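Pasting the structures here.
What follows is chain A paired twice: with chain B in the first complex and chain C in the second.
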Partner chain A sequence: MKMTMKTRRGFFIAACLIPGLILFFLFKVYPTIQIFHKSLYLWTGVGDKPKFIGLQNFVDMFHDDTFLLALRNTGFLMLVVPVLTLLIALINASLLTQTKLKEKGFYRTVFFFPSILSFVVVAILWSFIYHPTMGFVNAGLEMIGLGDWAMSWLGDQRTVLWALAVTLIWQAAGYYMVMYMAGIDSISPDLYEASGLDGATRVQQFFHITIPMLWEIIRVTIIFSINGVMTISFVIVSIMTAGGPDRHSEVVMTYLYSQAFTNSNFGYAMAIGVFIFIVSVSLALISNKLTERGSN
Partner chain B sequence: MSANQASIKAKKKTSASLGKLALRVFLLVQTFIVVYPLIWNVFASLKTNQEVMESPWALPTSFNWDNYVRAFTTAKIGDYMINSVLVVVMSMGVLLLAAVPTAYVLGRMKFRGRSFLTNFYMAGLFIGGVYIIVPLFIMMNDLSMLDNRFWLSAVYATGSLPFSVFLLTGFMKSIPHDYEEAAMIDGSGYFGTLFKVIVPMARPGIITLIVFSFFDFWNEYVLAMTLITDDAKKTIPIGLANLMQIQTFATDWGSLFAGLVIVLVPTILVYALLQKKLTQGMMLGGVKG
Partner chain C sequence: MKHKKWLTTVASSVVAVSLLAGCGSNNNNSNNASPSASPSASASASAGGKQFENTELNVAVFQGGYGREYWDTIAEDFMKDYPGTKINITASPKIAELVRPKIVAGNPPDFMYIAGSDNLPIIDGLIKDKALTDLSDVFNSPSEEGGAPLKDRILPGVLESRSSSPYGDGKVFLAPYNYGVMGLWYNKTLFDTKGISVPKTWDEFLALTATAKDNGRELFTYQGLYPGYLEEMVVPSIYSVGGQEALDQYFNFDPEFWKSDTFKQVWGVLEKVATEDNALMKGTIALNHTQAQTAFMQGKAMFIPNGTWFEDEMKDAPREEGFQFGFLGAPAFTADKPAMAMTNVEQMVIPAKAKNPELAKEFLKYLYSDKSVKLNAEKSKAVLAVKGAPDIAKEFISESTYNVYKAVDEGIVTVNGAFKSVAKGSKYNPSDEIYKPISSIMNKQLTVAEYGDKLFKIYTNIQKELKENGAE
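Right after this comes the complex of A and B.
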């Protein structure tokens, strides 16, 4: 009797775990093992037999000017976008929670909205916003007499990355704001009251209460935001610029994709995948280390 | 002295209301930056091609509803939408069937390998879609899983699995043990307990999961673009991206903007209905990227 109870329990546990594990192995674990394994091969096409070449793909990567440019562009976005996004989110969140405006809920609803839009919709919309003739950025500049500043924002090497960065910030700032607002709401109001009686200004409160109390949330959002840029930049770039002008907005993800599906360089593309994977995990670890309480 | 105090108080009050005014202006400018692109899109969807190209800030002179008609007839937005609905429903089904039992077992039953499996799923949080898209594509090609809406849904469900297991395990742990003991004594088996007792109790967690996953599945682009090639099976994001490329040559901007609006409407409706759940969920589940 006891034995059957035990087998029944074991059977139940297995039945619950197996569907998830099959999916996880098939669509996540196996491809992950594959990118590490096949990154060591020269493999140029589905019908082709992969040939072992050791670390040659990784060596090639650092002699590949386009890859290096893509890496630099990605680095730029991964630095600029999280910093500005989180800063704007933090400022808005503390303004909305601290000042007790009646229409606080309205701003929260509106600012959050872009983060649930499809990246494709965001990308198409912003392609037209920046459009040299149809877009309202240039038309707006002309209206206020700054027509000389009008330019092809996505077609110019100097502005293209900033233009993409603005789009990414527009998309994400409200999301992190809501997260911070939830965090600030859970800070005891006594802290603000007491420091207010001591004569602390709102700015001092922001730096001495809000930021330290939210620190754990901020740490997590830094990592999420860096990873977010990695994924979203693929969609934004492939729709808005296709890496142009002259590869000046190419990011590593779009480069990986075009190596694999345009050039059929599967081995090389997987090596890039391995490299990006290692870089993002290290970035997460580094930022975790840097933002530890002790060093603050 | 009291007059002095009163004047200080009045000064404080005016500076406070001035501050509030500045704050409102600051917030309204941001509101404008967020909302204007969307309003502009709605206007553009009602304009003629001529108007779209000439005057970005002007209002449409008349309502060109046939932009919308063309979005459905020529651009086939409706077909893409049906595919999207199908994929979202199937993904959600697969995800719930896999995630709920897994989270239940990992969160509430003791067995060997439990903590290993939990960490194993956690590691999956770090593996995003694009890194592994090449081997995924090759494997699915070998197994003839390409161009199939069900397998695309299975891939979507797997992508959300690590986070879902993480979120639901937390929920499962918080349900008191008495409930399932009582159910067991009443003679419901393990499966009966899971579906009749645990699932209803974990409902808030499951709803949060559904809300988040809806937007992920509805909006996904990279996998859908790679794993589906047959035009008749494409989802909305791919349809829109294609439409944009076509319209660059065909210059039928009106129907592209109409297409964007058609896609925005369900998103706005779901958002309006579930806004509370969504922002609450962000607090419940901690955070999600």
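Right after this comes the complex of A and C.
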């Protein structure tokens, strides 16, 4: 009894896939299901008797002022940071590829540099840049005679989110710039040449050639960037402000963490996790839908 | 051919299984303090006529600034005095992360010493779950040296306080370990050379703004990102104005506290710090603890709140010339009242599901023996919450730290307390709710009256949750 070539191939492929699949299910799918499951319980995360309470955690969430404030702060960052990051990255990328700068390679490295620093290093670096007395920002303002404008950027509820947004943009812009540069390099130079002969300006070329040709890459980076804000903001906020002053820089991830690990409210924290999951997925779907190139 | 395929499948699943096994196995970096002893279940240890059926004890300890040397040594001594017993010590700075999975699995260590802000929440969880062993009998029984009950040796007030007796029913669930003293610090050299006298009352304290200016600094700074440090001024002040009664209101969530005169007086000091000229160091609110403490030591501010660990914590930090640590605790409100300070006691527990509570209790008692107090001072450079411990530790700790402990011995009244547990599942963390908005008071974006109204509502809600929780 000889097996056919096809069955044998099938067996071989299955044998190769199974270990990976098992690991995937065990470490990705199973924990995710657990999060959904535990979000329906009242559970301290220590004791072993979770109590089923249905959707109560989700109801509580929308009566929890701190959560709503954290949600608003996160929303602000998710709106401001991706837009500015991608815009800056796109402009830089196009400047660096389209102009005949001699230091092109140097700028490329310098702009990319923040992306290879760990988030913790970035956060510590910027908390010293914003340091109220010896920080670079305030010292700089004083040097150019604007000493009155100096303030404790991270200590004031009116400026803290913008200060964090600048850090997040600085950290990520170089990374997306490199992605866009690779994309621009693959656009045929003929297009630029031809349009140049027809009298198109650099700005027109940017809007009518660069952006449309990069569109697929831009779509992906929008989703990356939104989700990036969600995860990176946790580290940045924990180190730079600890959610302060008075929770005005609390983000959902830091709130989730504090509910789970300092308030022993695991079930509630999981419910917040589920909510973030749903928001992330729907944002990704929405942005995918909105940026889809239709019939035009 | 067929045979070979089969082998591939087996090989790949073996890889998978071994990976899984790697993850499932116990994260056990325990150090067997005794290399030889491998106790058999039948061998029973005996000492002082006591028999223990189970001779193995699993101990989990926090390995922080005090290190683990004390625990390794005391375990060896214990095994010598109780032949046949075996102690396994697991020590880590992140001890809560190591024990959490074991507790969830219903297999906790027999004895735990938990400290450090990253780890303490697990104790809070165990309290909420009522998952600790009642230790009252240990403290009611005679101490290791015999004679009076052990509780008479413990620092007064500690066992009665909520940090030992979390449910307020007089039963001890958390045994005290090292204690620290917290309050305001100043640069002693500056005060001595300039002839500034240490403020006895908050009025004198606030009057020093001008003196501070003459010396090129501001009056006060604190660990801005972590306003919780302000409790070291707030709690003693509450006691100073309203006595134990006000403190009970505060810690037991009586909403009326936020309408009381005590509240207005104590928070009035904070408001004055926020509003008066040259009082709060510029930028304080945005500084983390290290940044604020460094600024203080460099002479940018005259006072800062912190605890007895201060000197050790900042031993490598830059400082102004001649800087010397001085401790004053918290000033009173009237000159006839003594200065106060807050104490903080570290905790040791035996989980309710411990496999060997009997031996764990014996081990706990052993830790309060004279020999152990001395060993702890020598190895951890720390002071156990036992009467007379500062003098035993004197030769091992720095002079200024010893002076703080001595000041407590000689007149500074100490307060100690902790919030009652909120209802299980409550979203409120009392300490966060109370101290975090103080940043806004300091920023002059929130008045003390608005703040009081807000806290009144929060305390009312916490009470409501507790009532509903109790009704279930």
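Everything below uses one rule, namely that the second predicted complex is superposed on the first by the 268 of 296 C-alpha atoms of A that agree within 3 Å, B and C clash if a C-alpha of one lies under 4 Å from a C-alpha of the other, contacts with A are read in each partner's own complex, and residues count from 1 in each chain.
Going forward, a residue touches a chain if its C-beta (ideal position, glycine included) is under 8 Å from a C-beta of that chain, and two chains touch if they have at least 3 such contacts.
Computed from a prediction, not measured in an experiment: that's the story for all the values here.
Enquirer: On the A-aligned overlay, A:G199 touches which partner chain: chain B = first, chain C = second, or both, or neither?
Expert: Neither: A:G199 stays clear of chain B and chain C.
Enquirer: Tell me which partner A:G145 touches in the superposition: chain B (first), chain C (second), both or neither.
Expert: Once the two structures are laid over each other on A, A:G145 reaches no partner at all.
Enquirer: Could you tell me if A:S127 is touching chain B, chain C, both of them or neither one (first, second, both, neither)?
Expert: It touches chain B and chain C both.
Enquirer: According to the stated criteria, A:P19 is in contact with first (chain B), second (chain C), both, or neither; which is it?
Expert: The answer is both, since A:P19 touches chain B and chain C.
Enquirer: Just checking: does A:T66 make contact with chain B only, chain C only, both, or neither of them? Give me first, second, both or neither.
Expert: Once the two structures are laid over each other on A, A:T66 reaches chain C alone.
Enquirer: According to the stated criteria, A:R8 is in contact with first (chain B), second (chain C), both, or neither; which is it?
Expert: Both partners, chain B and chain C.
Enquirer: Applying the touch criterion given at the start, work out whether A:N263 contacts chain B, chain C, both or neither, answering first, second, both or neither.
Expert: A:N263: touches chain C, not chain B.
Enquirer: Can A:V46 be said to touch chain B (first), chain C (second), both, or neither?
Expert: Touch status of A:V46: both partners.
Enquirer: Applying the document's definition of touch, where does A:Q157 land relative to chain B and chain C: first, second, both, or neither?
Expert: Only chain C is touched by A:Q157; chain B is not.
Enquirer: If you count the residues of chain A that each partner touches, which comes out higher, chain B or chain C?
Expert: Greater contact footprint in residues on chain A: B.
Enquirer: Between chain B and chain C, which residues of chain A are contacted by each of them?
Expert: 8, 12, 15-16, 19, 23, 26, 46, 127, 133, 261
Enquirer: Per the contact definition, I'd like the list of chain B residues that touch chain A in the complex.
Expert: 20, 23-24, 26-27, 30-31, 33-38, 40-41, 44, 52-53, 55-57, 94, 97-99, 101-102, 104-105, 109, 111, 117, 120-121, 124, 126-139, 141, 154-155, 157-159, 161-162, 165, 189-191, 194, 215, 218-219, 221-222, 226, 236-238, 240-241, 244, 253, 256, 260, 263-264, 267, 271, 275, 278-279, 282-283, 286-289
Enquirer: Touching residues of chain A toward chain B in the complex: what are they?
Expert: Those in contact with chain B are residues 8-10, 12-13, 15-17, 19-21, 23-24, 26-28, 30-32, 34-35, 38, 46, 92, 95-96, 99, 101, 107-114, 116-121, 124-129, 133-136, 138-140, 143, 170, 174, 178-179, 182, 217, 220-221, 223-225, 227-228, 230-231, 234-235, 239, 253, 256-257, 260-261, 266, 269-270, 273, 276-277, 280-281, 284.
Enquirer: Help me check something: in the complex, which residues belonging to chain A touch chain C?
Expert: 3, 8, 11-12, 15-16, 18-19, 22-23, 26, 42, 44-49, 53, 60, 64, 66-67, 127, 130-133, 152-157, 241-247, 258-259, 261-265, 267-268
Enquirer: Where on chain C is chain A touching in the complex?
Expert: Spelled out, the residues of chain C in touch with chain A are 1-2, 5, 8-9, 12-13, 15-16, 19-20, 100, 103-106, 121-122, 124-126, 128-129, 131, 224-227, 282-288, 291, 295, 300, 424-427, 429, 432, 436-440, 442-443, 445-446.
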